[in-house]
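Two complexes follow with chain A in common, the first pairing it with chain B and the second with chain C.
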Partner chain A sequence: MAMAALRREGRRFAAPLISPQPIRSSLIAEEQAPLGVRSISTQVVRNRMKSVKNIQKITKAMKMVAASKLRAIQTRAENSRGLWQPFTALLGDAPSVDVKKNVIVTISSDKGLCGGINSTSVKISKAMHKLTAGPEKETKYVILGEKAKAQLIRDSKKDIELSITELQKNPLNYTQVSVLADDILKNVEYDALRIIFNKFHSVVSFLPTMSTVLSPEVVEREAESGGKLGDLDSYEIEGGETKGEILQNLAEFQFSCVLFNAVLENACSEQGARMSAMDSSSRNAGEMLDRLTLTYNRTRQASITTELIEIISGASALEG
Partner chain B sequence: MIYLSFNKIIIIIIIILCKIFYSIRRRNRQKRVENNIQHPLSPADAPPLPISESADADAAAASSTTITTMFRQASRLLARSINQQPKMMARAFSTDVPATPTVDSTFVESWKKVIPNMEPPKTPLTFMQPRPSTPSTIPSKLTVNFVLPYASELSSKEVDMVIVPATTGQMGVLPGHVPTIAELKPGVLSVHEGNDVTKYFLSSGFAFIHANSVADIIAIEAVPIDQIDQSLVQKGLAEFTQKLSTATTDLEKAEAQIGVDVHSALNSALTG
Partner chain C sequence: MASNAAVPFWRAAGMTYITYSNICANLVRNCLKEPYKTEALTREKVHFAVSKWVDSKPQKSSMIRIFLDLGFLRCAIRSDTEEE
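Entry: the complex of A and B
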């Protein structure tokens, strides 16, 4: 019995003797000790805590950057809201117009980490594609922004007519958007242009919106058939030789104005979405850090207790 | 004769005008900096003074380079001049949703038939402020909405008369005017209210006059006449007339022609 106990004691003594300076090491630092030491390591948890803290700092900084960018661009977006209202007042809004050639202009962001706004735009674009599909009809995409391109190129590669990226390299202004609109109108045949973007309602809510711009021929057709555009004929035309020429200019002007407003609103929504995404990310990181701290403390205390037990039982074995 | 799309013409006009207007805005900013030292600070006020010297040199160089670099310079100049207007007003929670949103029911129905699981996107009709209906008698005042891409200069302002620079000449608009769609050329817009007359020089755009005596004027650039520099106008006019005579391609001729038109309009605005 005593021999067995001694053998047990011997084993317990042997273990600490093998590792270099075991007692001191367990008191100084809970390093990942070589084989045979029974102290539980807290290194893994500590590494995780360090990285989670860094993530929290980074996302907090990103949130502040997004908030300051949002402030700058929100005033501009709100000022540009008066731009599309006269066109809707004159021509009305006909999203359910039935035409042969639809072009869907999807506006998205270039950078990620902005929540779900890009996926929403892409989902709606695909749904519009389905809605406007039919015999003898064709629907094409024009994509502004890297994120929508990445998502749409996977299954609708042949339908993408034009894609434009790096829109926000220089601060957005009307001239740039006008050049873009001109490019699109020159290269794409359309009967109706549908612009899909996220309208900035407030810092936490973004409404997916679709604006429709009709080509001059479709406008004439709708005006003749009556309905919302019916009283377009009652308008006198000043300037230009023919009504058709004025309607052509009007359609181009309408497209560039509506596109300008849409691009600004989408940029606003992007910053707002990024702000809330980064905010929830830093909050989650904080919670994770709390849980990891508890685990860390428990692990540390457990390893100290284990060492103490070993020392005390070894000492008591020596005495008694 | 080369065909230039409407947007292209507007772009050329903006580039020509922005050189003049940028120096005007710079002068205004300097005045503002001197006067409002305690103004809630837009930190951008300090940088423009050193930058504007190089921007002017840029603007001068821009006229002799190709179109694309002109566009880039213009967009940078415009962006800088726009971003430095301090707007310190309290922002509403949501600025433009009217009380009773109207929805296009046919669209919503056709959407729900094909895609039942997703909410249909909103359309501009939902966000439109409703317009007054056509009254039976001619109202006494004209309601004017004058919008630019960067601001709404006048929104629902009641005035007596406006004179717009249509392509067919100056057109006066009184309450009860026939509904009209007018294409505008670069010229002077004058707003008459009682005895005050406010004059703006507009780049081109469109003007819609509706049957309910509401006039919508949409332009890209507008500057009050008293802020235009006469000497810059004369210099520009001489420069573009010279360019017109030395132009070789159709595109260059068209651009130079537009420049001459814009500057002569500016000239007559200042003198007339």
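Entry: the complex of A and C
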């Protein structure tokens, strides 16, 4: 019982010591120690140090895992860029096209601890929503990933059309994304699809990007106004298909390819962001550990000094 | 052909170009020889959970697509060729 009381006393007085007041802490130790307390307990600081060290190990391990996953997926993402580049060369990318029905496809991750990439995607989606809003215009969301869903549910609930999760359970492949694209095309009416994702430029830089895919009717309409799409008529069509049919096939395939590339790039960005988030987390844990070690040593030395003082004053009281 | 535009049979059956190309890719993958075949078939696994939102609420009956290969789609294409 006495020991428990002693420990409790020690804890109460050790707590103010942990606050970062380097000069005052040793004075506090000697002033506030009441009679009967042997030494100030360093248990609290030691527990904290142990947990911070564990956290540092875990975040370091997560960084390594993210680095290896990034390596695996990065080559695939870079190779998939070749899928949509011919489409952009043929049909152009027209972000400023003015249409009645916009569908914003927001790509985010399912898991957290990846820095700010999901928040930037959601921010851009909301900005896009505001930009494309207007009389007689309708903008809907299709959400890939849990994190964007959680953020968009809060204020745009009525505009959500579809939400898709558990995309990365198996390694990403084209078949999966194309089935997903098919689902989206079948369930959502659109004039223009705007896909928002984080493009992977390097391990430290992921920029939010938007790709636009137009429906075949809109392509026809834009073709009349000239520009890149107007040159479509100069192409010769082989086989028994009409231009309208080819445009429809192309639009569907373009969406599937662009979505595939977007999903891969977002996955890369997610791993890269997780790497840097875990890296800064381990560094912060290291700094915290340094500060805690200093406090621990100071507390320890203060308690030793107190004991010595007691012993010496006791001994001198006996002599004198 | 009865219709004005010569619509290909798969378009008339309600398939999109994406489904059509996936079926063709599946057929090509099944033509590969053994070590490459299993490797290629791992690239056909599809899994995601989709839920449609109605009136600001996700529908409980979410369609979870877990088909591991597109074998089921082959029956659709076979019945069309028989009609022609």
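To be clear about the criterion, the second predicted complex is superposed on the first by the 279 of 320 C-alpha atoms of A that agree within 3 Å, B and C clash if a C-alpha of one lies under 4 Å from a C-alpha of the other, contacts with A are read in each partner's own complex, and residues count from 1 in each chain.
What we mean here is this: contacts are C-beta pairs under 8 Å (C-beta built on N, C-alpha and C of every residue); 3 or more make two chains touch, one makes a residue touch a chain.
Quantities reported herein were computed from a predicted structural model and do not represent experimental measurements.
Partners chain B and chain C, once the complexes are superposed on chain A, run into each other and clash.
In the superposition on chain A, A:D182 contacts both chain B and chain C.
Of the two partner chains, chain C is the only one touched by A:E241; chain B is not. In the superposed pair of complexes, A:T88 makes contact with chain B only, with no contact to chain C. Legend: residue contacts after superposition of the two complexes on their common chain; A:T306 is shown touching neither chain B nor chain C. Which of chain B and chain C touches more residues of chain A: that partner is B.
By the touch criterion defined above, A:K157 lies against chain C but remains apart from chain B after alignment on the C-alpha atoms of chain A. By the touch criterion stated above, A:R76 is placed in contact with chain B alone, chain C being left untouched.
In the superposition on chain A, contact is made by A:Y174 with both chain B and chain C. In the superposition on chain A, A:E166 makes contact with chain C only, not with chain B. Of the stretches 38-46, 74-82 or 92-100 listed for chain B, only 74-82 runs into chain C once the two complexes are overlaid on chain A. Taken together, the two complexes place residues 170, 173-176, 178-179, 181-182, 185-186, 240, 248-249, 252-253, 256 of chain A in contact with chain B and also with chain C.
Of all residues in chain C, those touching chain A in their complex are 5-8, 11, 16-19, 21-22, 25, 43-53, 55-56, 58, 65, 70. Within the complex formed with chain B, the residues of chain A that make contact are 72, 74-76, 78-86, 88-90, 92-96, 123-124, 127, 130-131, 170-176, 178-179, 181-182, 185-186, 196, 199, 201-202, 207-212, 231, 234-240, 246, 248-250, 252-253, 256-257, 260. Here chain A touches chain C in the complex through residues 157-158, 160-167, 169-170, 173-176, 178-183, 185-187, 240-242, 244-245, 248-249, 252-253, 256, going by the rule given at the top. Against chain A, in their complex, chain B makes its touches with residues 5-8, 10-11, 14-15, 71-72, 74-76, 78-79, 82-83, 87, 91, 93-97, 104, 106-107, 110-111, 114-115, 118-119, 121-125, 127-129, 131, 145, 147-152, 155, 166-168, 171, 178-185, 205-206, 208, 210-211, 214, 216, 218, 220.
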